[in-house]
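Common to both upcoming complexes is chain A, partnered first by chain B, then by chain C.
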Partner chain A sequence: MNTAAEPQLELRGVTKRFGGVGAVDGVTFQVEKGEILGVIGPNGAGKTTLLNCISGVHRVDGGDIRWEGRSIAGLPPHRIARLGIGRTFQIVRPFGSMTVRENAAVGALFGSSAARRGLKEAFEVADQVLELVGLKAKADHPVSALTIPDRKRLEVARAVATRPQLLLLDEVMAGLNNVEIDEALEMVRAVHATGVTVLLIEHVMRVIVGICRRAIVLDFGHVLAEGEPEVVLRDERVIKAYLGERYAKRLRGERGQDSAS
Partner chain B sequence: MIATADSQRRWRRIFLIVGGIVAAYALLAPLTSLDAAQAAGIPLLTDKFWFRIATYVVMFVVLATAWNIIGGITGYAAFGNVAFFGIGAYTTGMLIAKAKWPFLVALPLAPVLAALFAALVGLPLLRLRGHYFAVASLGVGVAVGELVQNIDYNGQPVFGGASGLFLPIYAVGHRGLFFFYLMCGAAAIAIAVTWWVLRSRFGYGLIAIRENEDAAAVIGVNTTAYKVAAFALAAALTGLAGGIFSQWNVFINQDNTFPIEYNVQMILMALLGGTGTVFGPAAGAVLLQLLIQFLGGSLPISFDLPFVSSEARPIVAQVILGLLLVVVVIFVPRGVIDFFGGRTRLSLSYLRRSLRDTSL
Partner chain C sequence: MAAFVQLVILGLLAGGVYVAVGVGFGLVWGVLNIVNLAHGALVIVGGYVTWQLFTAFGLDPFLTLPVDAVALFVLGYALQRGVINRIIRAPLLFTFLLTFGLNLVIVNVLLLIFGSDFRSVTPTYSGQGFELGGIVIPYVRLASLGAAILLSTGLAFLLSRTRVGLSIHAIAADRDAAQLVGIDLRHTYAVTYGLGAACAGVAGGLIAMIQAITPTAGEPYTLQAFVVVILGGLGRVSATVVGGLAFGLVEAFGQSIPGSGSVFANAIAFGLMVLVLVTRPQGLMGRLR
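Let's look at the complex of A and B:
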């Protein structure tokens, strides 16, 4: 058995290059069992690439990824899924010819090997998961009839149906309006409450602050800052990465005045 | 047009009854040629000539249904499946003609060898996606036929070479009837396998691969293994048809066991009937093979095409098939089977909607 001190997922100097450019460059961090960890960063920071490395879609060029103490770097995606790591795609990838219910059921049919189901049970799992993410009423709809927020829900539902221990969510809030983001946050909380560790990749800062105890900021493939979201977001390097040097200077000036008065 | 549940059921019942009667007639009519039936005074409902055409039709039911497993359900447009037909034919043919095996012992090895070959070429080929796979598989289909014809050992062609391979005639009463029913057995196996696939974890994995391969992989589908298995399964069924063909036709060569046009025909049949469905490819095969025979002038009910000399007929037949392919892909993308379930009806608005869906 694992000791309590051992992280569920550990990245050690993970590196992925595309034609010499280090999209992810020596990234090291840990994910503790049961937490919601946010990974944020400006466009092109390497967030999705990092997620692709963990889920096996990309092969890492350097470093190691350890799942419950065992290296999983270099394993194909289906093996990683069977270990209990589920993921969504930023650009949703539903199985278009299937109904909403079938999409979720396929997740339950495959997925983590500990939770593999037969056909009948897979559809029962699908119904439970659809209720959890709020798609129960649309279970028999074809995917083409779903709105964008509902497609994002379906993406999460399919991943949750694989019964993961760790769920990697790639910008599930992107493109949603404020009301929809609140609903999506509720959904992530509901999934987390079932005992799933969540690694949440987001571009929208508000999401991270609202739901994560801990956040990691990526920039140009490096870890820029790590800690409580409120603290991390006030970090000058983070502001600079997001909003540019000039804005950071102006902010520094304002803060200086604040403390003087 | 979405019909109500009631009329849906009615249409499905009508389809089942009509389909059942047609299938029963096709299966039972040949029996009237048996001496016992003749002695009992039952009128002859068929003749030898029809056996041959009917056996060809059923053979294409096997080929199209097999192609559907890799092309329709898995979404990998295999353009070289005729290689498996030829391998099946030559496996059985060589075992009978050279090793003197009895036919029914040699036949089971046809699907086995075809499947092994598919697994072997599938491992590298199925890494290619979309058009790349289609072109590469076409290459394999052509290459295998050339190899079989041209492999020599000590100056002697191993597989009969350009002059082909003659098999001893299989000693069985009512040969035409025997091979017709044998081919029907192969078709029944192909359809039953498809039915099982579409209701299994395996089938859901294949459809997931077709719809989005990356998404399938990250939910835990071993995409490589699944694709190779689907390819090998399609190859086994195609090889089985080839094995039956070799003994039925008695003579095999490159032309009749590796015809490139079979590649196109089996795909067209599956498309016409409805890819990804259980009965679609079979329906498409019956319709299209009868049309091919009709256009080719092989049916007794054929008539002269206007403005076409008899020599130009095969060419015109090819042109008509090509046009049909275009029309089917654009206007009936889900195949004619779509009209039989009772969910949709053939109408102008259906064609208009299809045109909109299939154009950019």
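Let's look at the complex of A and C:
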């Protein structure tokens, strides 16, 4: 790693409490420009809360979040979006009263560096983005006519239309079948290939292993492990966090036998 | 038959004002989820702007309407940005209390400035009209209907075809998601309330030409706006237009029932509102969400 280049996004001891419970508790890590970073962890580990802190939905109770060297903690969500941090929701939240194309156009109209983008230009950007995520054929459909995988695509399209430099994806693969996951993986790769850094929260392990060079494991609001996905997933603390102490012990026993034989 | 046609025409003409009173109220209700109890007071502010410009400078009252719109937009933007935005995530009751309080403040400021005298705006053509097939059509009423239709069309265009309109739609659909694509929630809320106030201002200008106004005359317009929006259905300008015209028609026919006069007109209109709420709660033109 080049120490001279500063990370694109840096979290320093970020803490968010809900009524005394630290949902995110002293989380520190960096996101390098151009990487795909995976964030995994059991339910309730604080993954979505972490995204909410970065995107400004929650105000952090402690620590600092720095974007390209400048603190963005405490900025309202729309300011952070305009700085170039796009975000999707785990449970898709399209603008239901609009068409697919209009949804994407809203992202293009108001997102980063959109200061003086006209309506016509925004719809052109929307069409490009819809092509990128594979929704071009359904551009004029009302959102209510979309299937769940397509709604997830739209969620990504709207975020990508804001022209982010960093895209925060909150479980875009959840609820998809294997074929749909492959398609969604292709979509994420396509978005990444346009030069967007990706931070992705995921439950589906094969996604993390298949697409990320680096992964961070959260548990009870703490960073439990960090490193290459294959290595991190073998970490005993990680297995314990996911599957409990007994399973970890059993696995340790089996592995012990494996190496003995 | 001629009497029937006359009633229809008079009802539609009266409906123009109700359309103007209703559109701003419906916008604020639909997007901000605020039942704006200060709406009638804002209508009266618009009436006084028109009256002031008419008496001081002799400006034609219809030419004062754009001034009403701009002045009330600024007032509305400031009210939302400075006051109402503070309770935007509070329960509905708080918005009732706050807008009711704003209503009292506005009314009393108007009393301080203009006193409690009745004021009316009477251009040379007021009271005149033309006859069409035995039916007298007053100029002011006809032009008011035209102005109200123009106002609604302009608002509908703004909401569906412009950057501002898309931001309002997005905020109304999902305010959290809208913020995360870069839309400024507080600014958009203030613009929405400003637009609602601007429509109220134009309605007030129209009303000042039709009847005398006084600072305390606003409350019936809040009620009328409420009925009009319920009748038409929340969420679309075109629905409010239908609601306003329907309200005008019902009122005209209600007043024509022998022995009823204006006493029962309101009762009939509100009865119809209850009937609509029972049988078609989404309104005549509304869509269920």
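Definition applied: the second predicted complex is superposed on the first by the 254 of 261 C-alpha atoms of A that agree within 3 Å, B and C clash if a C-alpha of one lies under 4 Å from a C-alpha of the other, contacts with A are read in each partner's own complex, and residues count from 1 in each chain.
To be clear about the criterion, contacts are C-beta pairs under 8 Å (C-beta built on N, C-alpha and C of every residue); 3 or more make two chains touch, one makes a residue touch a chain.
Note that the structure is a prediction, hence the values are computed from the model and not measured.
Student: Determine, for the superposed arrangement built on chain A, whether chain B and chain C clash or fit.
Tutor: Aligned on chain A, chain B and chain C clash with each other.
Student: Touching A:77, do we find chain B (first), chain C (second), both, or neither?
Tutor: Once the two structures are laid over each other on A, A:77 reaches both partners.
Student: Report for A:106: first if it touches chain B alone, second if chain C alone, otherwise both or neither.
Tutor: both
Student: Just checking: does A:221 make contact with chain B only, chain C only, both, or neither of them? Give me first, second, both or neither.
Tutor: In the superposition, A:221 touches no partner, neither chain B nor chain C.
Student: Please report the chain A residues shared by its interface with chain B and its interface with chain C.
Tutor: On chain A, the overlap between the chain B and chain C contacts is residues 55-57, 76-78, 81-82, 86-87, 89, 93-98, 102, 105-107, 109-112, 119, 158-159, 162.
Student: For chain B, which residues count as touching chain A in their complex?
Tutor: Against chain A, the touching part of chain B is residues 199-201, 204-205, 207-208, 210-212, 214-215, 217-224, 276.
Student: If you look only at chain A, which of its residues touch chain C in the complex?
Tutor: 55-57, 76-78, 81-82, 86-87, 89, 93-98, 102, 105-107, 109-112, 114, 119, 158-159, 161-162
Student: Sort out for me which residues of chain C touch chain A in the complex.
Tutor: On the chain C side, the touching residues are 161-163, 166-167, 169-170, 172-174, 176-185.
Student: Would you mind writing out the residues of chain A in touch with chain B in their complex?
Tutor: 55-57, 76-78, 80-82, 86-87, 89, 93-98, 102, 105-107, 109-113, 118-119, 158-159, 162
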